[in-house]
Amino acid sequence: MFSIRVQSDDFDIASEQKRLCEGRTDIGAVVTFTGLCRDEAGALTALELEHYPGMAEEEMTRVLEKARQRWPLDGATLIHRHGKIAPGGNIVLVVTASRHRKAAFAAAEFLMDYLKTHAPFWKKEHRKDGTSGGWVEAKHADDQALEKWSGA
Amino acid sequence: MIKLVYFAWVRERIGRPEETVTLPADVKTVSDLIAWLKTRGEEYAYAFEQAPLIRAAIDKVHVKHDAAIADAREIAFFPPMTGG
Amino acid sequence: MFSIRVQSDDFDIASEQKRLCEGRTDIGAVVTFTGLCRDEAGALTALELEHYPGMAEEEMTRVLEKARQRWPLDGATLIHRHGKIAPGGNIVLVVTASRHRKAAFAAAEFLMDYLKTHAPFWKKEHRKDGTSGGWVEAKHADDQALEKWSGA
Amino acid sequence: MIKLVYFAWVRERIGRPEETVTLPADVKTVSDLIAWLKTRGEEYAYAFEQAPLIRAAIDKVHVKHDAAIADAREIAFFPPMTGG
């Protein structure tokens, strides 16, 4: 089963993993990646995730299709939240299931690298002092991470 | 008539999330469109001051600035993405 | 928090992830790997996991220590079950938490590659026809997977 | 006096999970120990017929066959691991 979701509600990794694996005995490996709202300095009240409705879903579907063409996946789920998310809260979930652990790991990492750079979401900081900390800047490291997947 | 949509600080700088415009006949590519938008006022000039950084999508698919607009219904402009 | 466990009881990935992250806002990325009892042919009643008590725990602790020396981890959990496990059941869990997704992914994959080849566990097949399918053979691919970590 | 422990098919072939033995003075390494065990009966010869494949641990730490036994209290023999 392959699915993508864009939602403001939180998600539960155990239910999502169960949904992929329930009633199946052909899956040997499941990898999950959870991206969380980080606030090392303790200065944020929330990150606000803006997205491009419609394109977000379409792009996540395209990215998932790319991963399926590349690895023998038995199932995968992508969930990206939007709206205000407090420090420590869930932002994004990738779940990949495969017969083989290498495929599950590689596909999950690939999906995250592509989501970071291709899925139309933007983070804005809301600070405890009442000011807006502005828009989070894209990281060069995220673009570099993509290069790993450009060969082969 | 084409719909333009803006996100994140591009939206904030322009001051609106979307608008519908009629393009001059000589606006053929995304680059042309950006150049034309910059003539429409300070807010556009500010939003596109570092035009090469701005990402574009035609009908919800990422495109480069040299992409032809052709029969596009919706063109989006936004900063590099920071989701995930 | 870093911990390892060897147990016959099942585990729950959501509780394990929560245990690592609860009350923290400095973790940006959590990766989980779940290894499941696979039975594509539908011929098994169970896999039986034998282990070397004492050494299993010690080796898992050593492997975790290696990962901590290599990546900036904020927490990690390793759980390996023993005893009979039915097809579709959980066998092993790795959870890694880090500020950075690359570290969380790499450490989880490294931990699995090391667990596969270093943790003293052995799988025996129990078949529906009442016979023992014998001991599962080690895969050359698992030894090869280790080579990836030998540089750097 | 040293404790020997066996796992998986090594245990099954030898027919016991553990035993305590007194080693001859010339058994200095894991290889020596395997060679000595193979002289103790068919079940040992069978268990160690492909000796290079068998893994060993001294006091719960993986070792190679050339490792010195020295003051070991417990030596384990087992097939390549298949957990995870």
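Here the chain labels run A, B, C and D in written order, and each chain numbers its own residues starting at 1.
Operating definition for what follows: a residue touches a chain if its C-beta (ideal position, glycine included) is under 8 Å from a C-beta of that chain, and two chains touch if they have at least 3 such contacts.
Note that the coordinates shown come from a computational prediction; the quantities given were computed from them, not determined experimentally.
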item: CA centroid of chain A to CA centroid of chain B, Å; value: 26
item: Distance between the centres, which are taken as Cα means, of chain C and chain A, whole angstrom; value: 23
item: Distance from chain D to chain A - Cα centre to Cα centre, in angstrom; value: 48
item: Chain B, residues touching no fewer than two other chains; value: none
item: Overlap residues in chain A, where contacts from two or more other chains coincide; value: 35, 112
item: Chain contact topology (line, ring, star, complete or other); value: line
item: Interchain pairs in contact, sorted by label; value: A-B, A-C, C-D
item: Complex contacts: residues of chain A adjacent to chain C; value: 12-15, 17, 21, 23-40, 42, 87-88, 99, 101-102, 104-105, 108-109, 112, 145
item: Sites on chain C touched by chain D in the complex; value: 35, 49-52, 54-55, 58-59, 80, 91-92, 112, 115-124, 134-138
item: Residues of chain D touching chain C in the complex; value: 5, 7-9, 57, 60-62, 76, 78-84
